[in-house]
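Every chain is named by a letter (A, B, C and D) in the order it is written, and numbering of its residues begins at 1.
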Amino acid sequence: MKKVFIWLLVISMIVVFSLVGCKEEAAAEEEEEMAEEEVAEEEEMAEEEAAPLDIPLGFSYDPAMAAAILADAGYVDTDGDGLVEAPDGSKIELTVTCPFGWTDWMEAISVISSSAMESGINLVAETPDYGAWNTALMDGTFNATLNNWASLSNTPWTLYNLLFRHPIVDLMQSGNFGRYENQEIFDLVDQLAATQTDDIAGMQDICGQIQTTMLTEMPMIPLWYNGLWSQWNDSVWSNWPSSAEDAPKSLPTSWSGYWQLGGLTTLANLEPVEGVEAGTGTYARNETLYMSGAAWGAFSDLNPFLPGTKANSTGTIGLLYESLFQYDPLTNEMTPFLAESGEWTDDSTYVVKIRDGIKWTDGQTLDANDVKFTFELGQTYPGGIWYAPMWDYLDSIDLVDDLTLQFNFTAPLYQEFSNNLYNIFIVPEHIWASRTEEEITAGINENPVGSGAYEWDAAGVGPDRNVWTKNNDWWAIDALGMDVAPNKIVDIRFSSNNVALGSILKGEVDLSNNFLPGVAELVNKGYVKSYFPEAPYMLSANTAVLFLNTTIAPMNDAAFRRALAFAINTGDIVNVAYANLVKAADPSGLLPSLSTFNNY
Amino acid sequence: MSLQTKNLRVYYQTLRGDVKALDDVTFNIKDGEIMGLAGESGCGKTTLANSIIYLTPPMKYIDGSVELDGEELPIWDIDSMNTFRYKKVSIIPQYAMNAMNPTRKIGKMTEELLVSKKISYKKTKAELDRRLDLVELKNDILGMYPIELSGGMKQRMVLVLSTLLNPSLLIADEITSALDVSTQKAVAEMLVEFRNRKIVKSMIVITHDISILYQIADSILVMYAGKLAEKASTEVIIHSPMHPYTRLLISSLPKVGVKYSEKKLTGIKGNTPLLFNPPVGCRFKDRCPVAFDKCIKEPPFIEIEKGHFVACWRECERNA
Amino acid sequence: MLKLDKISKVYSTGTFGGKLLPAVVDVSFDIGEGEVVSLIGESGSGKSTIGKMILRLITISSGKIIFNGIDISTFKKNTLKSYYKEVQGVFQDPFSSYNPIFKADKIFTIIRQEFFPKMKDKEWEEKVDSSLKAVGLNPDQVLNKFPHQLSGGQLQRFLIARALLLDIKFLVADEIISMLDASTRVDVLNLLAELKSRGLSILFITHDLSLGYYISEKAIILYRGSVVEMGNTEKVYSNSLHPYTKMLMASVPRLDKKWEEVEVELKAKQIENTIGCVYYDRCRVPDKDAGCAGSRPPLIKVEQDHFVACKHCMKE
Amino acid sequence: MRRYFGRKIVVYLSTFFLAVTIDWAIPRFMPGNPILNLLTRVAGRPETVQHMYNYYSRIFGLDIPVWKQYINFWIALFHGDLGTSVLMFPQKVTAIIMRAVPYDIFLLVPAILLSFYAGNKFGAFAARTKWLDNTVLPLGYMLTATPYMWLGILLAWSLGIVAGIFPIAGAYGFNLQPSLSWVFILSLLEHWFLPFVSLFLVYFGGWAIGMRNMIIYELEADYSHYLEALGAPRSLVRKYAYRNAILPQITGLALQLGVVVAGALVTEVVFSYPGIGYWILQAIQNQDYFLIQGCFLFIIIMVLIANFIIDIVYVIVDPRTRLGMVGGSA
């Protein structure tokens, strides 16, 4: 009996609980029905007053959310082909592009395409030739395309200036390819540019506003960070820096001219391995650093004023010519280099003091005149010098004394100026002053005279290599105690990453900034060393952004763009397309080094 | 007796079996004789010519012998024949127009040919010039390439070249058929001239054009289907042939002055037999207007009158 | 029925056609119904070129060819087809007319497809058989064979048989029997003669004078593209006037008489005289003069049906 | 003879004119814009970009009507100026080509000549050696059918990576400066070897097969039979046959020259050998009008010159052409 009672009790309790559950579900259903009715009613009355869908600002891969946004905005599949049509019933046919042959990007856009398709967005991957792609990018004839041109920077302004570059012109050539037009955000970017770089709170505030608008409007979608890889073989050179150890901390990279970002410190810290023989080659093996991955194309010039990244990748910038400041992406700090100090004496005056005793390789002294000359080239030749726009807000440069300059601004864009402080490379006035505009903006600059740690070795240059010889009179040896160890640097351009890999494994190459396939395996087995001992084995150096052409339907609709952001499977891009050698980007697009300004 | 062939048998090897192109051929050529060799295409004329000088596969020596100036020619042995070729027996081939290396100057080629036969070109040069003169060629022809020559000139040059070593026997295979009448006449007459000057001792002139033979040959040998039909002096063959085939052949030739409307000529009925499996007995019997039961047996090639050989039972009987 | 009116053919040679090579110069003659005309000349005399122009295998540089009153150059697709139904050619080298990978009968099949698409198989076979027999071939022996399995003579007769399949009115026979054996030559000649008696006109192109005499009413002697003598066959043969014709006649190997001791001037390789008499360089007429070298003598009528292009050879 | 060559030269000049015109036109019809490529990533303000665009268009001479560009192109060409490379900006195209050409010559001339010589000799030899004909000839067919790329990769992989005997990229060691020292020359040869072998093998197969077939044909020719009938020794008959068979091979060489050069281009890409081929690939990838143009112009000139040389050689060795050109026999 007792048993029967207990059973009855249990059963009745189950019944009661299940009834309660039903009731709750029913209530929910009722609510939903009511909500739908309400929506219907409200839609009848006034569309804009529809109950707002709760979309998180910090987007992530969420197909359900994508579907909800699409449905909410009227993008529904009316013909049953699994793809949504625009609210007006027209078919949606969009393409996402990247240049043919960029294999990692080709895989990435195929992930983008397939995940968008899953969410019902007809987005087809296409891979035109580089030239066609580049032209479409600049003249705005693309639908959606990848771009990652913003480089490592000390300020968030650099990225946002790229994303929201304005005004919109026919040729959008270095940013805002999607032609997103929003005066409010343009103003914010201008405001950010005019904010002092030490006004962190102010910058955070503006960045927050920019990010809110950006994530609500979603004119472009930050997807992942590409990296600076640095791997080495320590059979000839030792004492490489590593993120895992406390000191020395500097990124051993040469890539795209980032010698200034840590490469030089690395060179100064290197120590030759005992017992390595000089060998029979022209360059003594035990005094030479062989490196690859700085650049792909052949060496062509030594001119720091040429458009594009040519001079960066040759070593012209960093090894030969130097800037006033150095920027360290590991610490996000700017340190004086050619400059001894630099400070804003008031809102529109900046005073720089140049180090004493810096000599050009021809024996002449590097002084304030050279700096003034270099900056003023932008004023003299506004057509061909990339930093000419600075003179829109720079009024004049006064020489205080031989080593001191005063920059007099009208309405300074502090952020841009701070970028320029480590991106403008000082050239000797006594050599360049006599050159014509064309020689400066389109000349090779043979037999260069620089101030840097190395001199160009004209005899060693070949189509697949560039050779640098140590400058024993380099000023930083005394001034900063930076005595670079290798007597020679042979900068090799391999035709493929695989060849680079083979060479570093054999010890023919000491330092490689190439993307090495299977690097995880190689590092784990100890075949190569990496600055970052674990995935993604790189410093996030730029953001791959999916630009959406906001001038064409349906991508002129913010809701559609947001839906797309939720539809893209970033995880697959990182895991599948890149085998975990990249990192998913933060929704703000800012690099991890600028996470201070990240609100979402 | 310059040339003597006895029971010569040479077959062609083909996938379908042996073609009895030359069957039991026995004849003589006297010193200084120009023997015309006539017959329809496929009768074995060219096979006979090649057998005597250049017997190569798919031709196959079966049996019989060939004697030249009393010496037996090892015709079955390509290599040992080399000592006889050119020096003792020579040929102006059917393809004389293309016989010279197109990329060598004629003189150079002649020199190389002579040197390869271990004969001094320098010593021969004077004679060569004389011969060229004989055939009305200027000796600067030696500095020319074959393509620079007209057909008749090539023909004459090959005539000179082939006879340069004064061969005992010259075989001239259809050398006039591709020439214009005027050149034909000149070349034919040159052949006779060569014999007359004893440059060559005797000659076999192969042609399907009997009227040419009538002009230049001393005797004519008529072949039919791989066998000899009749041999006699030219006059006899043309004016009083005995073998029915010869008769039909000659009467079928159109002559200037004969018009269809006035005198219709007739050809020989039927076709030449295929030689894979030649007819038993007289090979001509199926086409012969006078064939009779005896023709089922093979007629012997016998001398009916002095110097007149015929292979025909009718003639045998008549003369018996 | 066919009239050639001053036809000429000029070939341009060299990379840019910088050089002009006259192959036929102002040739005029006509051929009536059921008439056989022999066109006699050495190699390079232009006789085949004339045949090809009649068959429209090559274009005419100047002049006209009139067939039954119509300029043949005006024929287009359909009219051309009916022209070919009446006018056919057979050529010297039989081998080049065949594709070695197809059976020889293929040439008949093409005719059937082109001209008799509706004929029944049986009827067609009979037609082929009879035309093969007409050219002296045994259908059982020659049908279903590849070209290499047939002799040159057989292939040549095959081609004539093909022409006979059509109801032709005009045949261009270009050296068709020079590759045939003597015994079969006369059969083919007789065949042509028979066809002629049935009303077929034939342009008989040959270098063999005896053959020309045998079947033709009219003979045309061609030298370097020009007619040097033409007319009634007997007149041309028995009363040859032009030195070239005379030389040819003397060179013909005959069975009834031996060659005379005539000095044969071998054909010149390089032609020096290009404006005067075509035969000037080879001519041995004692009174040849500057006039002969300076201008081309016209064809002059010397008697009824007999024309000569030589002012020194007029009948005495 | 003079007329023949006069006419030939006219043909060559017009071919040159046409080829160069096409060469000029094709990159211009490629989608894309080289100036935009050059200005990629310039961190200027949008409003200044048009300015820079115009500036560099002017520097490259692309700011004028196309017909004027075309005329300027020819004018510059006659001054030996092929313009400035975009990819290698601001280097002159001629300078780039002049640096690359020695490598091409170093690679191509021995590969072509040696393969031509060896292939023909071998083909002639194989034609009369039954076992060779049956074994090595199929190999020859395989070789000619092999894509240059494939053979190159195979060689690089087997001898370069697996066996590690030969370097697989570059023209000389990375530890060397060009100099007249044994170390450098050895390194040069070491780097040259694999690209050379991969070209040599493919060409070799082609010539061997061609020669084998030609010589069989020539040995069956009438003049060969005539010589044999006159009892000439085999050596003479073969000598003649070889001499005549080589003629179509020379024509083949002339016809194939373009293909041969294309093969070298592929090989250079595979082995990162810094000849013209390497630059063409780079130039096309970067849409460098001027470099593409210059490289192809160079190839056009080389192919035409080589053809002309072959023409002359042919005229010297084959009397038939020599007579054909004076309007020879009927």
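By definition in this document, contacts are C-beta pairs under 8 Å (C-beta built on N, C-alpha and C of every residue); 3 or more make two chains touch, one makes a residue touch a chain.
Here the structure is a predicted model, which means the values were calculated and not measured.
Undergrad: Identify the chain whose mean C-alpha position lies nearest to the mean of all protein C-alpha atoms shown.
TA: Per-chain C-alpha centroids compared to the overall one single out D.
Undergrad: Looking at A-D and B-D, which pair shares more C-beta contacts?
TA: A-D
Undergrad: What is the distance in Å between the mean C-alpha positions of chain C and chain D?
TA: Their C-alpha centroids are separated by 51 Å.
Undergrad: Based only on mean CA positions, could you tell me how far chain A sits from chain D in angstrom?
TA: 42
Undergrad: Measuring centre to centre with CA averages, how many angstrom lie between chain B and chain D?
TA: That pair's centroid distance is 55 Å.
Undergrad: Determine the centre-to-centre distance between chain B and chain C, using the mean Cα coordinates as centres, and give it in whole Å.
TA: Chain B and chain C have C-alpha centres separated by 30 Å.
Undergrad: List, in ascending order, every residue of chain C touching at least 2 other chains.
TA: Residues 43, 269 of chain C touch two or more partner chains.
Undergrad: For chain A, what residues touch not just one other chain but two or more?
TA: In chain A, no residue touches two or more other chains.
Undergrad: Indicate the residues of chain B shared as contacts by at least two other chains.
TA: Only 149-150 qualify.
Undergrad: Which of the residues in chain B come into contact with chain D in the complex?
TA: 50, 53-54, 56, 81-87, 90-91, 93, 95, 98-105, 112-113, 116-117, 145, 147-150, 158, 162
Undergrad: In their shared complex, at which residues does chain A touch chain D?
TA: Against chain D, the touching part of chain A is residues 101, 128-135, 138, 149, 165-176, 279-283, 285, 288, 290, 297-298, 300-301, 303, 306-310, 382-384, 386-389, 392, 423, 438, 441-444, 459-460, 462-465, 467, 490, 492, 494-495, 499, 502, 508.
Undergrad: Which bits of chain D are touching chain B when the two form their complex?
TA: For chain D paired with chain B, touching residues are 221-223, 225-233, 235-236, 240, 243-244, 247, 317-320, 322-323, 328-330.
Undergrad: Provide the residue numbers of chain B that touch chain C in the complex, in ascending order.
TA: 40-42, 136, 149-153, 177, 180-186, 188-189, 208-212, 214-215, 238, 248-250, 252-261, 264-268, 271
Undergrad: Give the list of chain C residues in touch with chain B in this complex.
TA: Interface residues on the chain C side: 42-43, 136, 138, 141, 151-153, 178, 181-187, 189-190, 193, 207-211, 213-215, 233, 237, 247-256, 258-259, 264-267, 269.
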